[in-house]
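Look at the two complexes coming up: subunit A is in both, with subunit B in one and subunit C in the other.
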Partner chain A sequence: MSKSLTILLMDPPYESSNTATALRLIEATLNQGHHVNVFAYEGATALTFKHQKGHPNPVKETSIEEEKHPLTKDLIAGLFQLADKNNVNLKWVNCGFCVDERGVGEWEKGPERGGPPQFAKMVNQSDKTLVIATTR
Partner chain B sequence: MRTSLNIINTAYRATLEEQDDTSLWLIHAIRKSGLNSDILLVENSVNYGVKSQNPMPLAFGDAHIPFPNKFHEDLKSLIQAGAKVLYITDDAIERGIDHSELIPEIEGISRNQISKLMQGYYHIWHW
Partner chain C sequence: MRIISWPRNAKDSYVNGVELNLTRAKLFRQRITRWDNMASIYLSSRETYPESVNTQRVFELIENLCNEGNDVALFLVQNGVFTCRKKSAQTTFNQLLGKENIKIYADDYSLEERGILPEMIHDAIKPTPISTLAALTMEENRTPIWH
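And now, the complex of A and B:
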């Protein structure tokens, strides 16, 4: 029987390995047939910003195509595809106030805008919760 | 059982720009949505309870940060909304903070009482 996990993320892209850890936890949970809710708070609301762009690497002398710079919006899009494939739900809510502060309110299909009431609802409907806060 | 115990471990993180502690802000917001959330101040965040905090407004040229936050007032507001706010007495002592310097509404517990405290909550969140 499927259970549901709610995760609050707080770190912005490219600043902390907390993000990669969280994405791996989400992937593992979806792969085990469970539902995942994510509340992206503060800097984490930029994880899905659709204008993220890759870049070449002048140190390695690789072009933008060769570098294939990982973008968090694409990694998260991959998680939505995985959820569809596994027939489980991934709900990703970006905190609206945090989005507006940062001007990161444009994203591809999948994430939605919300706030603390949505987070509270997700917590009440979840079997387990995990806060991954910015601590440094 | 209460819903969540929020262990605040990181104090004064970006609080000038935000004019808030974003962890405390969210805890207050979700209380309004019905989650019974309490707070345990540990390490440097014990300082949030000091009643003599009086941060000055800040300016960068013509750009102003007019309302620097008073965290002891936020804690009082949370308590008035029904939250319990506790702090670790060992952390206060290590930092030279006497109980009389803290707002009286918060309650001190020792480190060896933390595990018992946690048993009263469905969720333990570490901020």
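And now, the complex of A and C:
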């Protein structure tokens, strides 16, 4: 039977291992047939910013194509595809205030804009909640 | 330890019986109402020293929970996996290894990233895929807590 997990993320992209762990956990949870809600808060709202670009690596003398720089927007797009494939729901809400402060309000299909009331609703409707706070 | 908005006591989220903040109250309830049988999973993501001395407090809390007969799972991830090396001098963590009602897991991905081979970690701990963490998280009556 499908259950639901809500995760709160706060870390911006390329800042902390927390992001990689969270995305791996979301993938594993979706693969086990559960629904996942994500509330992206503060810097985490930039995870889905559609203008993210890869870069070459002058030290290794690799091009953009060779470097295959992982972009969080693409990883998250992959999670949406996985949810569709597994017939489960992935709901990704970016905090609107945080988005506006950072100018990262453009994203591909999938994420939506919201605020703390949406997070409250997610928590109230889900079986489990995991808060991954920023490490300071 | 870092637990977001952890209340000083259960009454903090109520004034005259009215919930002050639904989100906080729900988060509290998910933990407090399950405190009776306290099946929890702690995700330890930080090395003990010097990254976070608070991790020491988490281990002490887990030890106390075990001593009181609660079922605890500890999933070491990210820099938290440094702690499970045989050469680690983390005495409180080492004391947890002898407890019957705790299961300790170490994230295989985090171990590999840091070059920690299976033979370098305590025999009681096996490299574990994150799918196990997902399954533990969704277990009935188990509360996930990140540190």
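Everything below uses one rule, namely that the second predicted complex is superposed on the first by the 136 of 136 C-alpha atoms of A that agree within 3 Å, B and C clash if a C-alpha of one lies under 4 Å from a C-alpha of the other, contacts with A are read in each partner's own complex, and residues count from 1 in each chain.
By our rule, a contact is a pair of C-beta atoms (placed from the backbone, for glycine too) under 8 Å apart; a residue touches a chain by one contact, two chains touch by 3 or more.
Since we're looking at a predicted model, the values are computed, not measured.
Peer 1: Counting only touches as set out at the top, which of subunit B and subunit C does A:Thr135 meet: first, second, both, neither?
Peer 2: A:Thr135: touches subunit B and subunit C.
Peer 1: Using the touch definition from the top, say if A:Ser63 reaches subunit B (first), subunit C (second), both or neither.
Peer 2: neither
Peer 1: Under the stated touch criterion, which partner chain does A:Gly115 make contact with: subunit B (first), subunit C (second), both, or neither?
Peer 2: first
Peer 1: With both complexes superposed on chain A, which partner does A:Asp127 reach: first (subunit B), second (subunit C), both or neither?
Peer 2: Once the two structures are laid over each other on A, A:Asp127 reaches subunit C alone.
Peer 1: In this superposition, which partner touches a larger number of subunit A residues, subunit B or subunit C?
Peer 2: It is C that touches the greater number of subunit A residues.
Peer 1: So in the superposed three-chain picture, is A:Gln81 touching just subunit B, just subunit C, both, or none of them (first/second/both/neither)?
Peer 2: A:Gln81: touches no partner chain.
Peer 1: Just subunit B (first), just subunit C (second), both, or neither: which does A:Tyr41 touch?
Peer 2: The answer is first: A:Tyr41 touches subunit B but not subunit C.
Peer 1: Just to be sure I follow: which residues of subunit A are touched by subunit B in one complex and then by subunit C in the other one?
Peer 2: Common interface on subunit A, subunit B vs subunit C: 8, 116, 119-120, 123-124, 129, 131, 133, 135.
Peer 1: Can you list the residues on subunit A that touch subunit C in the complex?
Peer 2: Of all residues in subunit A, those touching subunit C are 3, 5, 8, 17-18, 21, 24-25, 28-29, 31-32, 34, 116, 119-120, 123-124, 127-133, 135.
Peer 1: Taking the complex as given, what residues does subunit B use to touch subunit A?
Peer 2: Within the complex, subunit B touches subunit A at residues 3-4, 9-10, 13, 22-23, 26, 29-30, 32-35, 123, 125-127.
Peer 1: Taking the touch rule as given, give the residues of subunit A at its contact with subunit B in the complex, in rising order.
Peer 2: 8, 10, 41-42, 115-117, 119-121, 123-124, 129, 131, 133-136
Peer 1: Across the complex, what residues on subunit C touch subunit A?
Peer 2: Going through subunit C, the ones touching subunit A are 2-4, 22-23, 26-27, 30, 43, 45-46, 77-79, 107, 109-110, 129-131, 133-135, 137-138, 143-144, 146.
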